[in-house]
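After this come two complexes, each holding subunit A, first together with subunit B and then together with subunit C.
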Partner chain A sequence: MGLYPPNGGEIYYKGERIDNLSPKEMLPYRSKMQMVFQDPYASLNPRKTIKQTLEEPLRYHNQSLSNAEVVERIEEVMLQVGSDPKWISRMPHEFSGGQRQRISIARALVVAPEFIVADEPISALDVSIQAQILNLLMDAQEQRNLTYLFVAHDLSVVEHISTNVAVMYLGTVCELAETSLLFGEPKHPYTRALLSAIPRLDGQKVDRVRLTGEVPTPIHLPTGCVFHGRCPYVNKRCIEEIPELMQHIDGRKIACHAVEEDRI
Partner chain B sequence: MRRRIDNFKNSYLWYSFKKDKIAIICLIILISLVAMAVFAPLIAPYNPYDSANIDVMNSEIPPVWIEGGDPGFILGTDNQGRDLLSTMIYGMRISLLIGIGAVLLQSVMGISIGLISGYFGGRIDSFFMRMADVQLSFSYLMIAIFFTAVLQAAVGVGRFGEIAVPFLILVIGFAQWPQYARTVRASVLAEKNKEYVEAARVAGFGAGRIMWGHIFPNTLSPILVLSTLQVAEAVMSEAALSFLGLGMPISKPSLGSLINSGFEYIFSGSWWITIFPGIILIVLLLSINLLGDFLRDVLNPKLYKG
Partner chain C sequence: MSSLLEVKDLVIKFGLRTGDVTATTGVNFTLEKGQRLGLVGESGAGKSVTGFSIIGLISKPGFVADGHILFHGEDLTNASPSRIREIRGNKISMIFQDPMMTLNPVLTIGTQMTETLLAHNPKMTKKQAMEKCLEKLQKVHIPSPEQRLKQYPHEFSGGMRQRIIIAIALLTDPEIIIADEPTTALDVTIQAEIMDLIIELCETDDMGLILITHDLAVVAQVTENIAVMYAGRVVEKGRTEDVVQNPQHPYTQGLIKALPEGSKGSNRLNQIPGMIPTLTNIPTGCAFHPRCPHVMDVCTKYEPALIKVQGMDTESACVLSSMRETGGKDGK
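And now, the complex of A and B:
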C-alpha cells in the first residue's frame, strides 16, 4: 500500500515491481488496490459526511465522471454494502461500529479495485456484526471478482473466508498452503500448536500442543529459526540456520528444518 | 445551509452557550462593541479625524455630569479638543482592526508552518520548531519596540502615521506565529496516525490535499479557541505599544495611544481622558477572554467528543 517503506524484500503486483515506484507512478495502482482498516471509529474522517468520504477518492481517480455518474456509483456501493443511500449526508459519528465498517468497505469498493487489503477488519466488531461483515466481504468478492489479503487472528474466520492461508510467527511466514490442506494436516510445529489451540464445542478432549517459553521480542529476533526457542522438535541446525520457505511435496510452502529433514 | 443551521442549533456548543450566562453577556457586549467600531462614522457624534470639528478652545472639557461639562461632549473632550466618545469609538475601530489583522496574519503563518512541520516531521519539523523556540525566547515587545523605533526614525514621525496600521499588524502578527504553529503541530501529530489519514494515503492523495483537506478540519477546535484569545492578546499588545508612544500616533489614536495622551494630564485633573478608554479596553479584552475560556471549556475533547 506504500504506507510504510519496506525494510527489506520486494513487492510485486501482477508481475510488476511496485515497492520502488514514485507516488505518481504508483497512482494507477492506487485504484486497483484498496484497504479496509481495523478500527471503524478512527478510519472515517470525523469532519466529513459519508458522501464526501466516498466521493473524494472516486473523483480523484476518475476525473471525467459527471456528477450524475458519481452519485450513481456511490448509491451502487452503498446498496452493495447494505447501507441506505439516504444516509450519505450524515456524519460518521451518527453510525455504529458495524455501519461504519460497511462505509469503510464502501470507500474501498467505490474506486472499483481488484485487490483489497483487509487489516483485521472484523476484530473490532461485535460477534454478531462480524458475521454480517464477513458475509458482505464474501458477497462483494463474488460479485466483483476481488482478491483479499485478509489479516486476522480468529482462526475460524480464517478457515471460513480464505482460499490460501499463510501462518506467520514473529514477522516470518512459517507455512503457506491451501486452506483445507493447512487446517486438515498442519505440518509446521507452530501451525500445529496454533490450530490445536482452537477451542472446540463438542467437548472432546484434544491433545493440545503446549508450548514452553515466552514470545521473544521482535526487536532482538532469535538466531536461526525464529521459533526455535519454543519448538518441541528443535535441534542444532534450527538454532544456527534460518530455514527458507520451501516447496513441499503436497504443494504447500513451509519454512522448517525438521519438516525438510523428515524428522516430523 | 438550512441543515447547517439546524445542526448548529442541535449542537452541544449552542446548548451549553444558552446555559452559560457569562458567555451570553460577553457575546452581547462584544457584538455591540464591534458593531460600534464597524459603524463608527454613523454612531459617533463627531468625526475626530476632521480638523474642522476640532477646536483647541474645547480641550479638557469634563464629562457632562461634572461641573463645567458641555452637553455637546457627553464624556468630555481630550487635550486637543476632540470629543472623547467619538475618539474612543474610532480608536476602538483601529484597535480591533489591528488585533484581527494581526491574528489573521499569525494564523495563516502559524497554521501553515504547524501543518507542514507536524505532517512531514523530521528535519523540517526540527527546523521550524527551533525557529519558534528562538522567536519565543525573545520578548516580542522588545522586538516590536526595536522595529518601530527604527522605522519611525527611517520614515519620520509624520509619514509613520500613514503606515502605522499595516506595520503594527505585521509586527504583532510576526511576533506571535509560534503560538499557532505549536498548537497546530500538536494536533496534527495526534491526528496524522489515525486510520482515516492512512486511508487518504491509500487513495493516493498528495500531501497538500491530505494536510488541508483531511487533517486541518480536525484541528479547528483548538485553533478557534486560540484565535479568540490571540485577538485579545493582539489588541493588548497594540495598546501597550501605543502607550509606549510607538504605536498609533495621537492624530489617529487607538485606545492605547488615547490612554497614553491622557496619562500626561491625569494629575492636572483631566482623569477622564485616560479612564474612559481604559475602561472600554478592559471591557473589550475581558469579554473576548471570557468567551475564549467558554469555548475552551466546551470544545475540550476530554470533556466532550465531537
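And now, the complex of A and C:
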C-alpha cells in the first residue's frame, strides 16, 4: 500500500513495478488498492461523520462526481455492507465494533477497488460478529470480483476464506500453496507444526509435531533458515544457508533444505 | 460430600454513580477435584468478573450482591477477610489475562517467587523457599532454573513468561487454578504447549481448573466440562463433548455454527443477528431473545432457569428445554 518504503525487493501490480513510484505516479493505483485495518476503533476518524469518512476518498478519486452521485454511491455501499444509509450523519463512537468494521469496509469499497488488503479484519471482533463480517467480505468479493490479501493468524478462518495461503515465520514466507493442498498435506516443517497445533472443536488430538526452543525476536534473527532453532529436521546446512522459496513438483513453493534434499 | 467448588446463583454488581449495574446474575456451576471446566462466552459475558469474585478479588465498584461461592462447602461470600486471604492465592490461584498483572518488571523472578512464598508462609526459611521455587520451575519445564531465577521478566519469551506465571500460581500447592485467557497473546504452537502443560499439571496433582476463554476449540481440547455464558448468565452447561457436538441452547448452537469449523463446509457462516447487549440494556425475559431464531412470546416475559435437558447430562436455560422436559414421560 506504500505505507512503508521497502528496504529491498520489488512489488509488482498487474506486471507493473509499483514500489519505486512517486506519490503522483502511485495515484492511479490508490483507488484500485484499498486497505481494511485490524482495529475498528482506531481506523475511523472520531471527528468525522460516516458521510464525511466515505465521501472523502470517493471525491478524491472521482472529481467529476456530482453531489447527487456521491450520495447515491455512499448509500449503495452502506446497503451492501448491511448498514442503514440513514446512519451516515452519525459519528463513529455511536457504533459498535462490528458496525465500525462494516463502515471501514464500506470506505474501502466505495472507490470501487480491484484489490483489498485486509489486515486481521475480524480478530478484534466477537465470534458471533466475526461471522457477519466474513460473510460480508465473501459476498463483496463475489459481487465485485475482488482480490483479497487477507492477513490473519486464525487458521480456521484462513482455510475458510482463502484460495491460496502463504505461511510466514519471522518475516519469511515458508510455504505458498493452494489452500486445500496446504491444509491437506502441509510440507514445510513449520507449517506441519502449526497445523498440528490448531485446537479443534471435535477435541480430537492430532499427532502434534513437538517443537523445541522459543520464537526468536526479529531483532536477533538466526543465521541460515529462520526456523532452524525449533526445527526437528535441522542440519548443518540449515544453520549456514538461507533456504530459497522453490517450486515443488506439486506446484506449491517451499523454502526448506530438507524438502529440497528430499529428506522429509 | 461437598464439591470442591460450587458457584450458586452468583450476582455481581457494579455500583456506578448512575446506580448499580448487574454484571452477572445466575452464574451456576460446580467443579470437582481434578476436574477441568471451561467458562466460555464473548466479550463482556462476565467470565473474568466471575473468576475474580471466586478469589475475592472483585475490584472496587464491583461487589457480590447475591448468591454463594462454596469451597469444600464453606461459603466464601460471607467468610471473614482473614479467611479469604488464607484461601485466595493459596488454595485457589489465578492466572490473569495480562501477565504483567502478576509479574513486576523491576524484580528478578527469584525475588518475586520467594516473596510470594514467604508472604503466605512466614515461618519458611529463605533456603526452603528457594528450593520450592526451583521445584516449581522444574515442574513447568523451565530449563536451567537456577540461572533463570536471577533473570528479569523481560529476559523471557512470551511462552516462558507464561510458564513462570504458572509456576508462581503453583507455589502454594493450590487445589484450584483459575486461568483467564492464559494463551490469547501467544503463537499457536506455543499456545498448544502451554495447554499441554496445564493439563499435565492438573492430572499429576489432581488440581481443579477453571479455564476462562472465548475460544471454544481451546475448551474442547482442554476441558471435560463447560459452562457457556451470555450477558452475565450461564445459559448452558454440561460435558464439553456433549455441548460442543450437540448444543442445546440456541445461543450455543448459533455460536458453534458461526465458526468456520462448525459450519460444516458450507460457504456461508451462520450469523447471529444483532449485538451483545450492554449491561444497562439487558433485554427482558430471556436475555438472548432479540437475537434468537426460535423466540416466542413467553421468552420476552420470563427468564428461563437452567434446567436439565431430558435424556441428556446437559443443562440449558431456554424454554425449549423445559417444554421438552414437561412433555417427556419422566417430566416433573
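By definition in this document, the second predicted complex is superposed on the first by the 263 of 264 C-alpha atoms of A that agree within 3 Å, B and C clash if a C-alpha of one lies under 4 Å from a C-alpha of the other, contacts with A are read in each partner's own complex, and residues count from 1 in each chain.
Definition applied: contacts are C-beta pairs under 8 Å (C-beta built on N, C-alpha and C of every residue); 3 or more make two chains touch, one makes a residue touch a chain.
If you're wondering where the values come from, they're calculated on a predicted model, not measured in any experiment.
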item	value
Subunit A as common anchor, with subunit B and subunit C clashing or fitting	fit
Subunit B versus subunit C as contact partner of A:178, first or second or both or neither	neither
Which of subunit B and subunit C A:27 touches, first, second, both or neither	first
Contacts of A:120 with subunit B and subunit C, given as first, second, both or neither	neither
Which superposed partner A:260 touches (first subunit B, second subunit C, both, neither)	neither
Touched partner set for A:201, first subunit B, second subunit C, both or neither	second
Partner chain(s) touched by A:75 [first = subunit B, second = subunit C, both, neither]	neither
Nearest Cα pair across subunit B and subunit C, whole Å	14
Subunit B/subunit C common contact set on subunit A	none
Residues on subunit A engaged by subunit B in the complex (per definition of touch)	1-3, 23, 26-27, 30-31, 33-35, 37-39, 42-48, 56-57, 60-61, 89, 93, 104, 107, 111
Residues of subunit A touching subunit C in the complex	96, 98, 126-132, 134-135, 138, 153, 155-157, 159-160, 193-194, 197-203, 205, 208, 211, 214-215
Interfacial residue positions of subunit C with respect to subunit A in the complex	42-43, 157-160, 187-193, 195-196, 214-218, 220-222, 240-241, 244-245, 254-256, 258-263, 267-272, 275-276
Sites on subunit B touched by subunit A in the complex	3, 194-196, 198-206, 213-214, 217-218, 220, 306
